[in-house]
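Chains here go by letter, A, B, C and D, matching the order in which they are written, and residues are numbered from 1 within each.
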C-alpha cells in the first residue's frame, strides 16, 4: 500500500477507452500513479476505479481538477479527487459497550487510522467509561428516549455540522437512526452490526446465534441506510465457536470480531477504498 | 484422535456423580478409555458425553452393555454403545452437481471415511456422471416429478431398508424430502446447504449472496428435519469473497467449502461425535 | 464455558482407571464437576486432565486437597488444585510498542481477563506511552544495556517477588531474558513472538516474511525458555497478506494478530487451560 | 472475474506514463479491457501489470502484438500476450499419494481448470492408483533410483517436449528434481510442499510440525527452483490443529489444505495471474 497524497475515485457506465483517457489525462497533468485498481461490473455494465497519485513539482491540483471535470462529463462519471494530506474529520457515537470506541481511539493514537476525531457522543453518561482515555476529545452525553428522539438527533446533527465531521461512526451505538438523519448522513455513516448479516438481524444477535446453534459467529460493518441492517456491506468477518460457548462467550469472542471489522471498514472509507454500487460496495482493499 | 473399538454416547439431565458412576462402571468392566469428552449445558441442565474405549482381553462387551442398562435407567439416559469395528452403511444421494459425491467417494477410497457406501441414488441419469468412478457401487436413477414424488421417495426408503443403510447423505441432492421420509430418517440424514445458514435459505443461495453483497460465503451441513433449512447444524465454514466475484465465482469457491464441510460432518457422525441437543448439536470434534 | 471456583489440572503416566478414581474421589468429597477435559498422548503414554468444579455446601476444599494427595501419589501425578475466586497476579513487561499492553489492560478493565495486574515494567520511559491509561498501575522504568542487564533483571525479579506476581507477560518486551531469569520464571512467563514460529525466528520477522514472499503472516504466544523462540507454543494465528503489502503493512496487520494471540494465551493460562507436555503444550481451549 | 480471450502481463522499471501508454495503445488497437491490475513495488521500483482484454471485431491480434513490441522496447518490459482460447498443456507428476492428482483431475473434468492435461507420470506403478479415473490420460510409470535418476529425468524431459507441455505440476511428486531439469522448467513447474514454508522444510513436515507443537499447519505451492523449498511462493493456506491431533490426523487435515492450495496456484498460473518478482511472486488473485 502506498500513501499517495491524492485519491481519485470514479464510477460510470463502462465504455472502451476510459482507462486510457483517465490515465493519459493524469499523466499529462503531472500525476504519478502509486496505486490503481479498477472493476468492471459485468452484470450492470458499470465501471469503478480508484487511482492514488502524487503530483510532480510544478503541477497544480486545481488545474488538474478543473480539466478533469471535462472528462467526467464526457463519461458521465460520479467522481471525487480527495486530498489526503489533511485527515478526515470523524464523529464517534457509542452506547454502553466501548470496545469498538476504545479500539478506534487506540488506532488513532498510534497513527494507524488517518483521521481527526472531532468528538464522542453517547446516550450514556461519562461515568460509564471510567478508565477509558478519550485522548482529549470532547464528550457529549446525549440521552435519548422515545419522546426526545427527534431533539436528540437534532443535537447530533448540529454537532456534525459544528465539528465539520465528514464521517460518523456508530461504534456500537445501539439506537436506530431516523430516516431523516440517515439520509443526511448517506454514504458517510458506518455502523457495526454484531452478526454475520443477513443472518440474525435485529436485537441480541449473539443470543439468536446461540439459539440457532451456528458454528461460526460474525460481525458486519455497513453504511447506514433507512432500511435497518440492510445497508451496503463494507466488511465482514467470522470466528469459529462450539456448543460449549455460552451467549456470554459469544459476546466475548464477538468483541474481537466487531472491533477488527469496524476498524477495517473505517480505514477503507478513510482511504477512499469504498465505492457504492447500488445496495452493494466495491472495496479496493489493501 | 484415537481409534477405539467402542464409543459410548449419552445425554441426560445433569446430576453430580454421573462421570464417576459411568467411568467407574466402565473401568470395572474392562474398558480402557481412549478419549472422553463431556459437556454440561448450563442453560438446560443437560449433560452430554462421548467415551471411546477398547476392551481388555477377557472382558465381554455384551456383559458390559447389559450392566450399563441399569446405570442408564438410574440416570434416565439416552445412550448408545456402538461397535466401530464394522463401518457404518451409508446411502449417497446426488443431483446434477457431483463435487460432494466425488469427494466422499475419494475419501472413502483412501480410507479416510470409515463407512461402507451401499449405493448411489440420483434423480439424474448416469450419463450426467461421465468420468466419475463409482467405485463399484450400484447406481440407481430415480427421476422425480411433482406427480411421482411419493413413489420416488417410497423407492428410496425401500433401498434404505434393503441396503440396511444406517445413514443417508444428501450430497447436493436438490429435492426437498417429504415430512414422512424426513421423519423416518430422523437423526440419520445429513444435508449440505450451500449457504452460511441462517442467511440465504431456499434456492440459489450464491446468487442471493451476490445480490446482497456479502464479503464471505459459506456452507452448512445439518441433519434434515421437516422444517426446511432449519435442521440441527453439524458443521459450517466460510471463505472470503470480493465485489469482483461473479455468481459463477461464488459457485466455484462454494464447491470447495461445501465438500469439506459435508465431509467433516459425515466423519463426525460416523465417529459418533455428534449428539442432538434439541434443535442444536453437541459436536465433540477432533 | 463455566466459571467454576476450583480447577484441578493433572498429568501422569496413563493407567486404566484414572478417570474413575479421580471423578469418584471428587464426587465423594462434594465436588460438582462443571467442565472436564482429558487427553491421552498415545505417543508418550501420558495422561492429562483439567477438571473445573464447585464445592457443595458443607464440603471442605482443604479436606479434599489433603485426601487428593494420596491419589496423586498413587498415580505419580503432577497436579494442582487452584482456587479461582482470587484473580492471579500478573506483571506486565513492555518495550516501545504498546498495542499488546493496551489490549491486555483493556480486557482487564472490562473484566474479560480474570487477573490482577501488579505493575508495568518497561525499558523505555513513561513518555513513550503518552495517552495510554495504565489503570492506576505502578509504572517502573527499568532501562537496560549490555552492561546493566544483570542488574536490571535483578530489579525485575525483585519486583516479581515484592508484588507476588504469579505470571509475567512479555507484551512485546523486546529484550532476551537471561537463562537465570528464564529458569526462575519457568512455566509462568509468556512471550508473544511476531511470527508464525518456527518460521522467521529472531529479529525483524515481518521484514523477513516480506523478503521471503509468504502469503500469510502470523504470531506465536509461548512460554519463555532459555532456548530463544523455542519455548512451548500456547497459541498461534495468521492473516492473509499479498505482494502489495509493504513491511509497514505487515507490521500493522501483525499488531491485530499479536494482540489477539497473546490475549488468548494469557486467558488460557489464567484459567488453567494449559498443561506442559515436554516442549509442547496441551491446551484445553474454550 | 471475467474470461477475456487475451491476457497481457508485463513487468519493468516503473516510470510515469506507463499505464497511459499501454492502455492508450490497447484502446487504439481495438482492445476492450475486462480486467486490469497493477502493482508498484516501491522497494525495487519495479512495475507489474496484468490486463485481460477482448478484441473488437475487425482488429487483429498480430497487428496489436507487433506494435506492442515497440512500447515494450521503450520501457524495457518483460511481457507476454497470451491467447486463452486454447487451454494450456499440463504434465502431471505424482508419487504415492494421489489426493492432489485426483483433485486436479476432478477440477479439470468439471471445467474449473482451463487446462489440457497431457499425461500422468509417476515413480510408482499404476496399481497404486486403483479406483482413480485418469480421464483417458496416458499414464507413464517412470521408476527412479539413485543410479537411474539422470535417465529418468531425461525421460520426463522427453515427455514434456513430446507432449508440448507448457506447465509441469508436481502433485505430491516426492522426488527432488536435479538442477538441470529445474532450470529447463524454470517458471513453469509448480510444486506443493506440505508445510507452511519456511517452517518445516525437508522431509516429513507433518511429523516435524507435530514434534514442535504448532497450533496451525499449512501447505505451500511454489515454483520449483534449484534451491529446494526456496522457490517463489504462489499460494499458502493453513488450518487449526490441537494437541489431540496425531501425526496421522495432521496428514489427513493436510490433504485438504494441500489440494486447495495447489489447485489455486495452478489456476492462478493458468490464468496468467502470477508474475515473478525476483525470488517472490506478484499474484493478481481473483
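Definition applied: contacts are C-beta pairs under 8 Å (C-beta built on N, C-alpha and C of every residue); 3 or more make two chains touch, one makes a residue touch a chain.
The structure presented is a predicted model; accordingly, all values stated were derived computationally and were not measured.
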Far-end chain from subunit D, centres as C-alpha averages = C
Homomeric contact subunit C-subunit D: same or different residue positions, threshold half | same
Provide the C-alpha centroid distance between subunit B and subunit D, rounded to the nearest whole angstrom.
-> 36
Express in whole angstrom the distance between the two chain centres, defined as the mean CA positions of subunit A and subunit B.
-> 41
Overlap residues in subunit A, where contacts from two or more other chains coincide = 42, 244, 246
Which residues, counting only subunit C, touch subunit B once they are in their complex?
-> 2, 16-17, 19-20, 23-24, 26-28, 31-38, 40, 42, 56, 240
Subunit B partner contacts - residues on subunit D that touch it in the complex | 1, 98-99, 102, 106, 109-110, 112, 131-133, 135, 244-246, 249, 252, 255-256, 260, 286
Interfacial residue positions of subunit C with respect to subunit D in the complex | 39, 41-43, 196-200, 212-216, 218, 232-238, 242-244, 246, 277, 279-283, 285
